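Below are structures written as structure tokens.
Look at the two complexes coming up: subunit A is in both, with subunit B in one and subunit C in the other.
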Partner chain A sequence: MNATVAQLTARSLFGRRRILLLLALPAVPLLLSLIVRMATGPDEQIARTLMQTLTLGTVLPLFALIAGSGAIGPEIDDGSIVYLLAKPIRRSEIMWSKLAVASASVVVLAAVPTFVTGLILAGTADRLALGYAVGVAVGGVTYCALFLMLSVLTRNAVVVGLVYALLWESMVGGFVSGAQALSVQQWALAVTEWIVGARAQALGVEAGVPLGAAVPLLLVVAIGSTWFAGQRLRSIRVTNEE
Partner chain B sequence: MSTLVLDGVSRWFGNVVAVNNVTMTIAPGVTGLLGPNGAGKSTLIHLMAGFLAPSTGTVTLDGQPVWHHETIYRQIGLVPEREAMYDGMTGWEFVLANARLHGLADPESAARRAVETVEMTGPSDRDIGTYSKGMRQRIKMATALVHDPPVLLLDEPFNGMDPRQRLQLIDLLRTMGASGRTVLFSSHILEEVEQLAGSIQVMVAGRHAASGDFREIRQLMTERPHQYTVRSSDDRALASAIIAEGGASGVRLERAAGAGSSDGAGSSDVLHVQASDYSRFVRALPALAAKLDIRLFAVIPADESLESVFSYLVDR
Partner chain C sequence: MTTTTSGGTSDRGVIHDIGYRHYTGPRLGRRHIVTALYADSLRGAYGLGRSAKSKIIPMGLFVLMAVPAAILVLVTAVSKVTEIPGGYTSYTFKLQALIPVFLAAQAPVVVARDLRFRVMSLYLSRPLRRDDYVLAKYAAFATAVFALLVTPLLILFAGALLLKLPFGEQISGFLPALAGDILFALVLAAIALMIASVTPRRGFGVAAIVTVLTVMTTVGLSAEAIAAEHGSWTLAGHLGMISPFSVVQGVQTWLFGADNPAPAGPQGTAGGLIYTAVTAAVLAGCYGFLLLRYRKVSVS
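Right after this comes the complex of A and B.
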């Protein structure tokens, strides 16, 4: 971790207008939960559906895409990354610092609102709120690592990331059971299922991957992506022209 | 005192050879890297700065390879060509962040010294986004100087500067060179290099075309044959007079398109002159025209673009 790299990353990530998007996305399920709560009162089933499909399935990948690619993509695009690269800092350290900032944004701006969403609709019953909040946090960190790596590998990281998040995660991962083994969403859900515990099945919190596989996969992808991104950052081409 | 050595360095991108078998030594003092746009100057600077791997050959700084060698940046200060910095920060914050990234023991005083060196103390508390081109350039300089590196690489530092800013930067770089630093800057403008650089490396079309001090380079450039396109009231008479006079090695008369009617100038031909002795020809031409009572409508140097000047050096 390099505090100055993290500080510069945070400035460019939360500066400009990106912060508004990062605030707005998790606000959608939060507002919906308030409306449902006022209209029909607490409801565990609705809570699960909302956090499952909207938060974990849609909002989280988009949030992580903005946070992950936003933590390094703009610097690569406009060339200001040279100010980091022309320094005696290990490239992996740059990547870890950027992952730390993106992860912090996931925890504070996505996981915490998810917890509140769960509390509003389901209270503390069955640890549904906690389960999804932790799922969002661990899934979000892994997504961020993936999208950070994508941003180092290609200038079209946002497009590739969108295709992955929307097509693979929500379509293929939802319908084809074999593909679920390669879905960050399912890995995160396995953690949620484990936290919710005994009543998970009854509530419909069912991951397509067992916890014993999900946790190593989350770790391998998060650590592996960041390590690989650091390697590629050593050789990244900083061009003068667009 | 540090010396950059390029030994048989080539770099290609796919089928395009950007830098072709360049061997040069950049010693302490100010060196100008001169060449037209697209000659491979930026690629060469990126190779020297360790941002690109040479496809073949080696780039070393005091014997150490610069590629994939992050600690080399303790010795190198780089001023990139691109404008982008971190907007939403003040100049001071940005220079300070660069000092911290270098892991300096006392980043505040290092940043303060660098900002003073580039004379940006006053505006340094303003947002970088509000800076003029020259101010941005100076803040970029400050970030490159913050760790007091023995080697300074500048990519087109004079681009877009006004004459006053230009003079300031020339002074600054001269001081750096005089104090024993190895300063290399690229430019496509001969006069800039002439004013500043003790030694000049000329790049053309990816190749190392010439090196030496300014006088040697200038000599090479003025000695080459010059071509002119001349239009006059009597091209044929002028052509024979030019050849008789001796300053030109060849003349060619060309009938222009739409001949005879277009301009009513008495002749619509064009005369191409190959001047062998440049200074003699330009002095003789008006005298000849006056003597023969021929009016000169146009005298156009046909190949004065920097590109052709440099190409001559390569083909020589």
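Right after this comes the complex of A and C.
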């Protein structure tokens, strides 16, 4: 961890118009939950559907995509990364600092609003709010690490990340159950299922992978992709846009 | 360096000769510039005339859109049923997750480079006007999106004709879908280009377009479904209009009698009129925004 790198990353992530997207995304489920609450009152089933499909399935991957690729992508794009790389800081340390900032933004701007969404719709019943908030936090950190690595590997990180997040996880994962084993969303859901506990099955919180597999997978992907990104950053080529 | 005022077509000075290489042939004028810009932008949207790397994403998405159609035709041929499974109109709707990816990836390609590398001044030093530039870019991108949407339909239709399925049924399914795809292309291209024209940074443009489209689609569909569950169909119909896909789908249903996979869709004649009005307003709003945006682009 390097405080200066983290500070610079935070400034580029929250300083420009990017912050508008980062604020707008988690606000959507929050507003929707308020409307539903006023229209129909508290409802655990709607709470689960909303947090499952909207928050975990759509908002979180997009949020992590913007935060993760935004933490390093623009610097590589305009070539200003060379000024950072020229400093005597370990390349892996740069990646860890950037991951820390992106992860912090996921926890503060995505997991906390998810908790509030859950409270609005379901109260503290069955720890549904807490379960999804923690699921969003751990899934979000893993997504951020994954998209940070993609940004180091390719110029088209946002598009590749999108294809993974929207197509692989929601379309392929919906039809082919084997694909669920390779989905960050399912791993995060396993954590949620564990926190919700006994009533999880009845509420429909069902992950495609067991918790014992999900936690190691989350850790391996988050740590592994950050490590690999650090390795690739040691020999990165800064070229102009074609 | 000579500055001439071409007779009648433009009231401003036009730089023809920048002193590099002299040209004495005919000067083709504004219309030809617009057509050339259109053709070049359309090719650029699919990475034609650019590096192999920039072809991967648009061409890959193009193939991904078309392959299921070919499979459907094969399935129809093998199973000897008398209709295309799923029909024409729902094809675009079923694969709608792919469309925002194409819009997000390629809309910045069409407009962001010219802004980022500040080459607008070069375009505008010719008899091309700012509005012509917007028209050419918008037409090119709408055509690119239309090509993406219509190719699978053409495959389905050609397959159906080759399998000698009843022609009347096929054409009455194909034409509404074709009309709907023209509308889809016009509306989606306008929204995507509007967002892309605001930012010269490609990565941010991609993220912004996909966020706006995905969030609006998801919110629209969820709100519509929740309202429909409570039996308030009129409200559900209105809420569906949050999603750009549902708006166009609604117009397609109302005007051309296509099937509507949305939970509610436009309710009655009033609903259909509102959907049509919203579609027209979105189109006019986005195009107007583009015109205003390019009036402000500095040429220096």
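Quick notes
Rule of thumb we're sticking to: the second predicted complex is superposed on the first by the 239 of 242 C-alpha atoms of A that agree within 3 Å, B and C clash if a C-alpha of one lies under 4 Å from a C-alpha of the other, contacts with A are read in each partner's own complex, and residues count from 1 in each chain.
What we mean here is this: contacts are C-beta pairs under 8 Å (C-beta built on N, C-alpha and C of every residue); 3 or more make two chains touch, one makes a residue touch a chain.
The model shown is predicted, which means the values in this text are computed figures rather than measured ones.
After superposition onto subunit A, the partners subunit B and subunit C occupy separate space and fit alongside each other. In the superposition on chain A, A:32 makes contact with subunit C only, while subunit B stays out of contact range. Touch criterion met: A:46 reaches subunit C, while subunit B stays clear of it. In the superposition on chain A, A:2 contacts subunit B only, with no contact to subunit C. Greater residue coverage of subunit A by touch, when subunit B is weighed against subunit C, goes to C. After overlaying the two complexes on the shared chain, residue contacts for A:167 are found with subunit C alone; subunit B is out of touch.
After overlaying the two complexes on the shared chain, residue contacts for A:234 are found with subunit B alone; subunit C is out of touch.
In the superposition on chain A, contact of A:90 is made with subunit B only, not with subunit C.
In the superposed model, A:15 lies in contact with subunit B only, and not with subunit C. Between subunit B and subunit C, an angle of 70 degrees opens at the CA centre of subunit A in the superposed model, to the nearest 10. For the pair subunit B and subunit C, the minimum alpha-carbon spacing after aligning on chain A is 13 Å. Applying the stated touch rule to the two superposed structures, the overlap between the subunit B and subunit C interfaces on subunit A comprises residues 16. Contact residues of subunit A toward subunit B in the complex are 2-5, 7-8, 11-12, 15-16, 78-80, 82-91, 234-235, 237-238, 240. The touching residues of subunit A, counted against subunit C in their complex, run 16-18, 21, 24-25, 28, 32, 35-36, 39-40, 46, 50, 53-54, 58-59, 62, 65-66, 69-70, 73-74, 77, 156-159, 162-163, 166-167, 170-171, 241-242. Residues of subunit B that touch subunit A in their complex: 42, 46, 49, 51-53, 68, 70-74, 76-78, 80-82, 84-89, 97-98, 100-103, 143, 155. Here subunit C touches subunit A in the complex through residues 50-51, 53-54, 56-57, 97-98, 100-101, 104-105, 113, 199, 201-204, 206-208, 210-211, 214-215, 218-219, 222-223, 226, 230, going by the rule given at the top.
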